[in-house]
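So that you can tell them apart, the chains are marked A, B, C and D in the order they are listed, and the count of residues begins at 1 in each.
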């Protein structure tokens, strides 16, 4: 249906809803990155195949839906049966026939696939009651995992594009900006800059051309919220962008998507095409005379392109080198025109604010950081996955209540937030409220929302070394403090990991970090030393253990540990097979021995041993 | 016209000009390696950083690269605070580790009291400080024969594929503008070699002195409409030719009056 | 390049306006088509878009997405995101490096396998993650890595 | 243009005072620079001082790719902005009169700048073969 008036949209919405309710039963198969890695694409095909064969009364092949990430990746692949919301986890292709037979035909539960809480042993049918989901509040992820991203009608049925219709019909551009400012929405990309103020500045600059861009270059390792939104609910991003374009007076824009997210590129493009087709994008949107168009720009795989000026140069076909921003990009950005750049999650939140109002939004979260924030919970935590929580929730609530604590009975050591630009927070910060300002104050940052939990088998120095190595590789190489400074900082960190550093080296690193922070050209360099600065702030003892005692307490740094085999060894040959340098000798059912000269301390033997027979000293 | 305060002294400046220009005009010596008037500032070397503040900032300060910062009325600038000096020292220290053999860097570092780098010398370091002066000047010239290749610490300035740059015309602008003189070139037997590409030099029809490369002359003829015959003689011989021509006029004039 | 390759290249150019803004998009399409950026293709890109060759080369070497050398039939990408790192991505790499006899970024002499390290593929919940020709594998135990690769 | 530089060859005796004056007027760090003016013999014992003619449509200005040569509207001289010059030598090659030169001592390109409005050569010329006057 081509929407050529505001009224027509509500008519279409009614139709879409009717279509949805007509489908009595629906099977939602999660095709998020986690479930996909578990083979959920094959599960989807299997459902379609069997359903097509069986010809059941209340379910057709059309009711087998693929969705974006449902969130509970640790339990993937996930299958949800609607309308009951029956939640099957760790589904295998072989289970599909059983699910169809038991649940879809007989209306009974497949008990073994239900989620069982490891602590209480309680089994859950409806996923909304599972602790992992119960504590969450989903705004930006409202549709992710619930709809087929390829079906614009499903988005519309759930209220999609109604906010845009309301904005175009009832609000002046300034009123939109005021509403966003009122809501207190802050940029979800990391810095937490007030979105309303950004839009207001852009709108005020005198110019004929303005751009509204979306930053989908989620380069932070350990973050995948934006990926899941772009893959699972692309229309929410488009709707947010169109509202922004209307507010600031822009006619064209780009979504910059990482090339590493091929499905996000495809789904965004499909959504743009669908929105075009229905008159929701392009010339004369909903017959209101307002026009705005969006193109997909694929990133080339460079972390620095998450930086606004680098991103804009990349959109312009150049290498992603930032430029000094004494004139801000909101005034002089893409092609030197005023440009609004927000990230995926920010745009996905905007339609909800427009629909429900700033006051509603402000009631969620904290006064200074209203609303919710999506996080990707990963690392040494039981319930890895995609979550969205109200701001102000404590780290403890996230890691223990939602995340289910640390696996294998190990101890929590630190949580890394904010990606390479952020920092590590130790156990005594677990009760810190999660909001923009508290995290920054504690020496980390919100960042885009990666949250990586570390246990006592994670070495703080190794983590710093890891991030510094990442940044050395990802530095664009333009300015000296970042290119040479981070290189030297990484080099010194490696020295510590190898037990070759002195306390003077540590002092030099601290001095150097300060200069890199003040003298670098862009945010990448300015925040580059953070992984070191935050770990040395909270785990100085661990640094000193590497330096003075030449020991890695966590047993990670290869140069400072040795692996030995104790008498629990059953002689199963597993370690011998896995050792990449053939350093282990022994016969079946006899104690194995590691040749210390040949051993590279990779830890493969430790990882494969099922009998706790490998010791780290 | 705007007024700014540099190191306590109020000076006048033109709106829109860069802070570094004003600082230099005031005779204040601050180092800058990547700065050159013929190219747009990019802020690569970070040496020209200064501290800025304003009365209404209530003590809040920030550090900016003066080559890129447009002056504005009421700006208060300090060029030699302990923090600024620490920045310059650290940068020169890092550069010294990267370019241990560059006399230019050694001299600058010594001026800031650094005689030996605190860091480990970069194994693959050459004397290139990655200031992009060469690539920028080549772009201004309209050729862009060379560019920054790779990224991060692996970044080098190189022609495409590390081979003879097809767009190079052998004008030497890159080598001449390089602050650390790391772009090698030779003129030998009527041939110029730069970026491993060989160029024929035009030689003076009279004395045989070499002038510029044929490719550069062709480019000037095409782009700037300079007649071909202007490039046939060297400057010495052209002056002699001028003298002779003037002499002819004088002689003719004298003969006419006689 | 063969005549057929040139036709493919022409098709790619047809999708874009002939200006410098199209550079990255064009190179991505070439990379997708040929699995690397052949030299002739880069030269042709410079010519068609009116961009200096040095700029094409600069962009081609700046972004991770581009490869300047031919890659193997099977492309193995090991994720080195933070979550994968702390969950032992290095072990996977050790296994693959010794098993295939190549380092990350290299291709086996028989052009069968290319081993790559990627920063983060956004499947952190399933760390450590390995991608073999676009098929994702999660929670990969180090002794399974090589088997999964050879299976394909 | 308010001033003009006039050369009267008949008065020139080839004494090279102008050359010296020019070199010292453009001295840097106590080292004299390369002279921008040369009295040259066009016939036995007949001399003419050759210096930049400050051409209206100057080849040097056109040849400079970096906009380092610009006319000073006050003095009428085409001046070289040393801060913009990269010493590529295009102007040296392009000037048809050979009046843009390479100064090896100071490692720079030089040309007559009319000493900012009071040329030293004219001031020191003993025979007044060089006159800088109002028009």
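Rule of thumb we're sticking to: a contact is a pair of C-beta atoms (placed from the backbone, for glycine too) under 8 Å apart; a residue touches a chain by one contact, two chains touch by 3 or more.
Nothing here was measured: the structure is a model prediction, and the numbers come from that model.
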Notebook entry, point to check: Suppose chain A were not there; which sets of chains would still be joined by touching?
Noted result: one piece
Item checked: Best-connected chain pair, where connection means C-beta pairs in contact -> A-C
Notebook entry, point to check: Based on CA centres, what chain would you say lies at the far end from chain B?
Noted result: A
Notebook entry, point to check: Per the centroid of Cα atoms for each chain, what is the distance between chain B and chain C, given in Å?
Noted result: 38
Margin query: Roughly how far is chain A from chain C, centre to centre by C-alpha average, rounded to an integer in Å?
Written below: 22
Notebook entry, point to check: If you average the CA atoms of chain C and of chain D, how many Å lie between those two points?
Noted result: 60
Next item on the list: For chain A and chain B, let me know how many angstrom lie between their CA-based centres, rounded off.
Entry: 44
Note to self: Can you list every residue of chain A that touches 2 or more other chains, as numbers and ranges?
What the structure shows: 302, 319, 474, 476
Next item on the list: Mark out which residues of chain B touch at least two other chains, giving numbers and ranges.
Entry: 148, 150-151
Check: Can the chain contact pattern be summarised as a line, a ring, a star, a complete graph, or none of these (other)?
Finding: other
Margin query: What's the complete list of touching chain pairs for this entry?
Written below: A-B, A-C, B-C, B-D
Note to self: Which stretch or stretches of chain C touch chain B in the complex?
What the structure shows: 39, 42, 52-58, 61-62
Checklist line | List of chain C residues in touch with chain A within their complex | finding: 19-25, 27-28, 51, 55, 58-59, 62-66, 80-88, 90-91, 94-95, 97-99, 118-127, 129, 134, 136-139, 141-143
Checklist line | Complex contacts: residues of chain D adjacent to chain B | finding: 7, 9-10, 38, 40-43, 46, 48, 50, 59, 62-63, 65-68, 81, 83-90, 92-102
Note to self: Taking the touch rule as given, give the residues of chain A at its contact with chain C in the complex, in rising order.
What the structure shows: 33-34, 36-38, 73-74, 76, 218-224, 227-228, 259-262, 297-303, 314-320, 376-380, 384-386, 416, 419, 450, 452, 454, 458, 463, 466-467, 470, 474, 476, 574, 577-578, 580-581, 600, 602-604, 607-608
Margin query: Looking at the complex, which residues from chain B come into contact with chain D?
Written below: 36-38, 137, 140-142, 171-173, 176-177, 202, 211-212, 216-217, 220, 223-227, 229-231, 233-244, 246-248, 250-251, 254
